[in-house]
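Heads up, the next two complexes both have chain A, just with different partners, chain B and then chain C.
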Partner chain A sequence: MTKFTGEEGKMAKVIVVTSGKGGVGKTTSTAALGAALAQKNQKTVVVDFDVGLRNLDLVMGAERRVVYDIVNVIQGDAKLPQALIRDKRLETLFLLPASQTRDKDALTQDGVDQVINELKRYFDWIICDSPAGIERGATLAMRHADIAVVVTNPEVSSVRDSDRIIGMLDAKTLKAENGERVEKHLLLTRYDALRAERGDMLKVDDVLEILSIPLLGIIPESTDVLRASNIGAPVTLADTRSAPSMAYFDAARRLEGEVVPISIPGQKQGLFGKIFGRRAA
Partner chain B sequence: MTAVLTDSRSIRIKGRSFLAVVLSPDLPFDHWLARLDDLAARSAGFFLGRPVVLDVADLPISRAELQGLIEELGKRNVSIMGVEGARPSLLGPGMPPGLKGGRPASDVEVTAKEPMFETPAAAPEEGAEAEKPAVVVTVPEVRPVLQSTIIHEPVRSGQSILFPEGDVTIVGSVASGAEVIAGGSVHIYGAARGRILAGSLGNRQARIFCRKLEAEMLAIDGIYIMAEDMDPGFRGQSVQLWLEGDVIMAEILS
Partner chain C sequence: MSIFRFFAKRQSAPLARERLQVLLAHERLSLSSDLVGILREEILAVIAKHVQLDNDCVKVKIERDERVSLLEIDVEIPLDAARKAA
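What follows is the complex of A and B.
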């Protein structure tokens, strides 16, 4: 069903997209970053760790093509290539879906270790979509991470949950066990600059000051995001010129190590946008 | 039915450490008790008012035997505050509680009464061999070793820094939902947003220093203050806090 051309010696990077709190945009961001990296001709797989409440297949538009899932692979009912679903629009983009019928205890540490190590042979980027919460599913999703993308809304409860998750990234990952550090980045989603300026939302500086990790990007609140997930496409595939897409493309470039100044797309013209852009940088 | 609390004062809970005397009896108990009587005869009031812990680790005894021993000790005015190293089956209702996690301190030495010639003798259970007619017990003063620890990164929500030994310095912030509990003072080079407890083992001299006060709760030596009871003028300021009587005082650091 799927053919691989695993190149020897390349370094796969494992990213976990995590937040603690639910509904902040983890799955949307996983899909958008995955599609953005895949469009640069990098072999990318997005892995759904939310066993029991899977969503990534819907956002990727692959819900009717799921035959086997990560639990089948872990339990030996299917081989990894059988479970991987290649995206119809991008041949470098793959999905490893979660099971909807099992519960999260079906994921075992050994099983996850095996799956991730095998994926590392085939892919440049492995993006793990973490479930909400701080339990087993979330800790297994972050276990192999080289890089963590901490998705946060500019709102106090989301910020505090993210802070908790950052603490866990420093304690419960393989890197932490080996005395290394997971690279942590903040992805601020659903950001509405006008509402933040009115005081209805936390400002970028406030969030950065509380969490004290580097900023990967600011994704503006936009109906484009909702429209994209309703048609089953990552926003970076559905409308590449929309404001959230461009913000995700910039974030993907930063993940690759490029230095890209941070700004809110669509507001560069106004004086306010200029001031804001400078302050957020 | 709801009970109405007329007294709004909160319960004050503190930690306190005492130096307990640990008795390690050996078998048979009647021989051991005879040696204890011999010691007690030469130092009246040896155990009076002193916290005594019975160490029964590795002793092949039954609950009845332990109960008998405690009764025998009671007759000699030795009241046992706890039993260490006991299997759960050895202890029952009406018996002293089991203790765990004791840390060794220096031996309690039995010394002769002559003021100029303080001859150190053996530990109490071997004291029977000592031939001094009058014995006085001096418990060496336990000097707290001043210690401190430095945390080089932010204390995240859900994390807890526990350091009863002394001062804690944090180079970073303490997040909302995090807590720092120190035996001594707490220094925070960042924002204090969580719960900060200084002097938690009964140190009234402990202080709290922070770059930016946004704490949920502050406590010094068991006296605490919640965020909503703090003077709003100190919020967001660089502040030091200390204890005067039963009141936490604050001052903005310039």
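What follows is the complex of A and C.
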């Protein structure tokens, strides 16, 4: 069983990583941001809300260590500390896995309330990895959020779904019910500055203008992301100097409230990029 | 026009941007319209407990701006109904 040293009463922040559309990088971003915050010595837990199709365990490289999951905790078959898995590389990083049950109603609102409230006693950051879609799993994942990270690809269907999710964040969260606001941030993933420059991909400013929420970061399209998931490590642990890692580290600093100037990864091209990037502009 | 542009395919991102702007302007209105309906019904029911009201006396409008969502509720109470309640 894991031991906890968390002091009670500290201010835990709850983040939901959400998008509406599947496959845009929610799980990758959850793992990367979680590992980035944990590397700054902040106690961080990443929580998989994708009951039935769990994957965060795999991306974190902990798939063979799952014994109990969030549904076991909710149904009283396990205590929360029994279900939490401590990362082998970072002692401040933990995972609460989802179950693989096909029962859609396994995740209950009361159960989620209890789990999040207990996690708040142990951790500085609670990062909830939302399932795709706008069903119950997604609304439960966003329910306790103080901060929402809206993961979006520069592509029409992803932008449209993000717009739907932003509307839900303003209506279906505890904060919204209490007349407060969830802080919403845009995380633009799989961005290709060269293609945007050529006019064949939505630009950062296009997406920002359409969705009207502040920018948390721009993650470049990169082979490093797939390489990290292949070996079962958050990209911010697999290669801390890679372009996507550095973008995630910057995003994590912004989550902590630091002002970090935004740079568009891959935009400062050499001569080659200048010639070919501007040709069609 | 540069010689390159002549051969290049037309840029697609501006079209994506334009399509999204048109679509989302429409969807934001229509998706919040059922919320508007529910709010209108419930507000009307609460006020009708105390004051006699016509159905069309409550107007609800939701607007989403860059920074805030604005919920506008307009309730018109007939003079004699207000007097009766007081």
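The rule is simple: the second predicted complex is superposed on the first by the 261 of 281 C-alpha atoms of A that agree within 3 Å, B and C clash if a C-alpha of one lies under 4 Å from a C-alpha of the other, contacts with A are read in each partner's own complex, and residues count from 1 in each chain.
In this text, a residue touches a chain if its C-beta (ideal position, glycine included) is under 8 Å from a C-beta of that chain, and two chains touch if they have at least 3 such contacts.
None of these values were measured; they are calculated from a predicted model.
Using the contact criterion defined above for the overlaid structures, shared-chain residue A:Asp163 touches chain B and also reaches chain C. In the superposed model, A:Gly199 makes contact with chain C only, not with chain B.
With both structures placed on the common chain, the touch criterion links A:Val260 to neither chain B nor chain C.
When chain B and chain C are set side by side, the one touching more residues of chain A is C.
Judged by the touch definition given at the top, the superposed model places A:Ser212 against both chain B and chain C. Contacts of A:Ala78 after superposition on the shared chain: neither chain B nor chain C is touched.
Of the two partner chains, neither chain B nor chain C is touched by A:Val66. Counting contacts as defined above, chain A residues 156, 160, 163-164, 167, 170, 210, 212 meet chain B in one complex and chain C in the other. Taken in their complex, chain C has these residues touching chain A: 4-5, 8, 11-14, 16-17, 19-21, 23-24, 27-28, 31-32, 35, 64-67, 69.
Contacts from chain A toward chain B in the complex involve residues 134, 156, 160-161, 163-164, 166-168, 170, 209-210, 212. Residues 155-156, 159-160, 163-164, 167, 170-171, 196, 198-203, 206, 210, 212, 279-280 of chain A are the ones touching chain C in the complex. Residues 153-154, 156-159, 172-173, 175-178, 191, 193 of chain B touch chain A in their complex.
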